[in-house]
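The following pair of complexes shares a single chain, chain A, combined with chain B in the former and chain C in the latter.
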Partner chain A sequence: MKISIKKDQLVAYVIVALGGVIMLAPFYFMFVFSSHSNSGILSIPPPILFGDFLVENFNTLIDFLPYFWHNISLSLFVAVVVTILNLLFCSLAGYAFAMFDFKGKNFLFVGIMATMLLPPFLGMIPTAMIMSQIGWMNDPKALIIPAACGAMGIFMMRQFIASAIPKELVEAARMDGCKEFKIYYRIIVPLITPAFGTLGLITFIGTWNNFMGPLVVMNDMKMFTVPLALRALQGTGQVPWGAVAVGAAIAVLPLIFLFMMASRRLIDGLTAGAVKG
Partner chain B sequence: MNSITSQSVPHKAPAKKGNFWLRKGNKIAPYFFISPFFIIFGVFGLFPLLFSLYLSFHYWEPAAGLAAMEWVGLENYIFAFQDDWFQKSIYNTGVIALKSGIPQHALAIPLAFFIHTSFTRWRNTVIGVYFIPYITSTVAISLVFTTLFSRDFGMVNQVLTSLGNFTIADMKVLSWIFPVENIDWTRPEYTKDMISFVVFWRYVGWNTVLYLSALQTIPRDLYEAAIIDGANRYQQFRYVTLPMLKPMAFFAVTLTIIGNLQLFEEPFIITGGTGGIDQAGKTAAMHMYITAFVESDFGTASAISWILFMIIAGLTWLNHKVLGGSNH
Partner chain C sequence: MASVQFSNLAKSYGDTPIVKEINLDIDHGEFIVLLGPSGCGKSTTLRMLAGLESISGGDIYIGEELVNDLHPIERNIAMVFQSYALYPHMTVEQNIGFSLENLKVEKAERIKLVTNVAEMLELTPLLDRKPKDLSGGQRQRVAMGRAMVRSPEVFLFDEPLSNLDAKLRGQMRKEIKAMHKKVQTTVIYVTHDQVEAMTLADRIVILNEGKIEQIGTPKQIFDQPKNTFVAKFIGAPAMNIFNLSNPKIQHDFGVSMGEHNPVLLGIRPQYLYLNENEVKGVEKAAFVDVEVISSELLGASRHIKCKYQDQTLVVETASHDATVKGIVRLYFNNTQIHLFDENNNTITH
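Moving on to the complex of A and B:
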């Protein structure tokens, strides 16, 4: 790379590398612990290499959380449905804001953006009360419907459509007698698949990790999402740390996989959504 | 609703109404396309907020049903303010916000500068390594951290004490900076440090990426001019990079303030939902949650959530005054 590296720069490289180790260490130990028994984990020094207790730990996890498979499928189901709905609704709204002129457009757009300033905890209590009033406690609907169309997604889609699709294309299609919805799914949708990819990843990960939402609307163990199920392991007297590590690994592995597949796109999408917003 | 009916019309009488749809379609369609957001936000966003505001001025016994609400004016707010636990939770939130927030930015800026100037081939890998904590499940990773921070068997203490006991010629040369004995991180004086570290760990990469994106927009000629003027690397950083990063610093600090003041998941998991010994790790958002869902005092909890919102809005505004300048 460089012909000569100065001494202070070498120090900086070492610091960055050490920092990188600290960043990755929790993941590493999560996997190591998931392959050790409780007494193995709770020994001095703690294990730093992989053991052979993985299957036992997984069985312990299932003992403590009999619905864990259901929890995983529920988490997946909610994350997938929320993602699909966001792709549909956000791209429709983004399309409208990027390609149409209509009365109140700027006002409405600013209004949508302003909702991003509302902190999630503000809605926690009333949402829980409303869900229990309309009978949606322990119902996946309570996690899906409120999250079905996010302001950030609308913003991302608007930016992408405005920059990637010339207005003339839409106007030409309209001249040819193409109906509005048909323009959307015949012309817009095929051209915005990259934005779908980015928004889809971000939405999926955010929903999969969501803890505060399910915490107040899911109180039946069977209807726990993965983060809630993991959290339930804490209240069990002698905490089965190996099983906790297995569960944590199951919750994190899909994310690591997605991140490795598309880290650039994820990082760019997340920061662009924040920076330009 | 209007737009929905007009869209179903063409199917009944395609010839005549079809023309109508073609003529008027692009007037009505955008409203139809943006309606999902407003319907969903109206029902599950705006309405809950108004309801919570209403609730914050009422006393309510959940068991008695929604009809049993009693107007109490500002009493919930006064009660919340006078509550020692609330004051403590605000204090905790502030301490954790500073202890995790300041190092985040103090490290992210030089790190971003170094990645920007000194990495080419490994650039994306380094960024990825620092960024990955941001996208992982807070709950899962906080649970892992509670193991790593355990007093007798935790890796954190192992590393710290082995550094603290590092001896050269019978002298524990590092003992003034590292502990020589295991630290009980669940003790009140350490709980906030533990939480702050996890928060720092999670967001330092995020901030680095934000600063990196700003660094990329600094024109190269600025550096070239500085080099011609004889500026060394440090001087370039100090007199070119830092001033140019100010708008991004404003933005990133705003995000940190907003995020850190509503910390919930990390302290919740790390303290097992209790707030820890002596409530040392209980943040304001946790206090709100516990007031509502453990103590069933929804009125006070709603008041707390609005107080917290006002604090966040106030500090964001203050930050805008201090750092924002003319940029934003």
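Moving on to the complex of A and C:
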């Protein structure tokens, strides 16, 4: 009996390990390719160890993308602002949906949830037209305002608040003379930090990696976000794959750092409320 | 300290009435217990007074002031919740002082008030701890401290002891009573536990299906129940109730079917005795013969279940009567019998 359990475990470990390798391989090769020349990268079999072409590739990247550091800064700015706004608005909306009773609450909530059914590509052309009409093309506002609050974030916050914060706590605060907004920032916010961590990470990663959004509203190379800038490298005749890999490696570093710092919180937040603690 | 008045107070959710035209006057400094089964509307009534629930009809006065539309803080009342509702991220000191912070009381004054309350409730060594580091009883005391610190006019307690074990409940009952004696504030206390109601209340309000069944002192409620609901609800084990359509029962209990035309008869298990000399207040005790079915030992007392005229009857007696079996004679004082009319109301005799 014991042996069969061990065999089961072994199979599980092998499957998990294989999955890990499959998922990590692109990252590994991205770093390896960033240190090889184009001919090295395109050779068969491709290189699997680090080479000595890193500086040249980096110089090529800067030659092709003179605003690369500006693109990185813009990406960072947009991702940080969108994350902060999402945390604020989604938690406020989630708090309202979880704790207040008001007319049309269910209808409104279903309406917001229904927006998740629409494919994001559906909004691309209308967004581009609206931004063009209000003069926000090539303006970070065009990336920040439409993404300031999302159905997924509202849903997540509502579920977390409803499961983690008893209504009596809010009522006790009301009895203690707390006004509604103070209840939000003195009672609710300190108790939903795990959900803030999770939503913050998801939003930051999503915004940082967003390609389609900037594609329709940013056409000035200086105002490109990182994914857009790296994509621009591929429209330059012979694609400098080493430079692309260097750019991608630099772009992915903040995310790897963020994930390593907060992965525990991300997992905790996603599973919070799933089981009674 | 203030009086409280409910005038035709009503609450309904959609078409479902929860509280039906409650009229109640509570005096300054009185300890009132709202007692009733689950779903009778007692917590809803309390929450309407607190301002946590809107009212569907009627008026609520605290002192002379109509408070129907006032925010909870404007009513100057404090509430202790069933789950204590302590802020988990705040220390005991911050929990107790939070209402003062909201009322913009100066920090020095705030610290003084919190310290006083903490001393009164023996919480001083715990002021820096968070609620998760406290026992159930300590949390309960913090919840009380939070309510006491701003000297409210009315204290509301919503089943505050239901999460505690039996021993701690007894201790906390004493502490609540002592607190009331000390601060002399009007207290309205909701519970479904009749022991809490009997031991704490100046007056008990018995609620059933959103209506008041009876208001009275614990003794009045126990000895003079207004109807069969109160008679059965108060007292453990519940009062024995018999249908008087059986002439044998009428005869055994000496009931004459006069102008009041009683339909039901009740007698408490505590007022039935196995020995004639235990019956007080009469020269000659009345009696009935019953058949013992079973008996349960409850430490200091024993409940004996008997069969009488195809109905079940329970007797509470001292625990040394363990060997009671077969047919036994139960003695009682006829004046301790309750008679009820066809509307289940007590017939005064």
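Things worth noting here:
One rule holds for everything that comes next: the second predicted complex is superposed on the first by the 231 of 277 C-alpha atoms of A that agree within 3 Å, B and C clash if a C-alpha of one lies under 4 Å from a C-alpha of the other, contacts with A are read in each partner's own complex, and residues count from 1 in each chain.
Just so it is clear, a contact is a pair of C-beta atoms (placed from the backbone, for glycine too) under 8 Å apart; a residue touches a chain by one contact, two chains touch by 3 or more.
All of these numbers come straight from a predicted model, not from anything done at the bench.
In the superposition on chain A, A:Val216 makes contact with chain B only, while chain C stays out of contact range. In the superposition on chain A, contact of A:Thr115 is made with chain B only, not with chain C.
With both complexes placed on chain A, chain A has more residues touched by B than by the other of chain B and chain C. Once chain A of one complex is fitted onto chain A of the other, the partner contacts of A:Gln9 are limited to chain B, with no touch recorded for chain C.
By the touch criterion stated above, A:Leu42 is placed in contact with chain B alone, chain C being left untouched. Legend: residue contacts after superposition of the two complexes on their common chain; A:Asp176 is shown touching chain C, with no touch to chain B. In the superposed pair of complexes, A:Leu61 makes contact with neither chain B nor chain C.
Of the two partner chains, neither chain B nor chain C is touched by A:Met152.
Annotation: chain A residues 174, 177 touch chain B in one complex and chain C in the other. Put simply, chain B touches chain A in their complex at residues 7, 10, 21-22, 25-27, 29-31, 33-34, 36-38, 40-41, 44-45, 47-49, 51-52, 55, 66, 107, 111, 114-115, 118, 120-121, 124, 126-141, 143-145, 147-148, 150, 152-155, 158, 201, 205-206, 209-210, 213, 248, 251, 255, 258, 262, 264-265, 268-269, 272-273, 285, 288-289, 292-293, 298, 301-302, 305-306, 308-309, 312. Those residues of chain A whose C-beta lies close enough to touch chain B in the complex are 1, 9, 12-13, 16, 19-20, 22-27, 29-30, 33, 41-46, 89, 92-93, 95-97, 100, 102, 105, 108, 112, 115, 118-130, 133, 145-146, 148-149, 151, 154, 174, 177, 179-181, 184, 205, 208-209, 211-212, 215-216, 226-228, 230-231, 233-235, 241, 244-245, 247-249, 251-252, 255-256, 259, 263-264, 266-267, 270-271, 274-275. Taken together, the chain A residues at the contact with chain C in this complex read 166, 168-169, 171-178, 182, 187, 190-191. Contacts from chain C toward chain A in the complex involve residues 50-52, 71-73, 77-79, 81-83, 85-89, 98-99, 102-103, 146.
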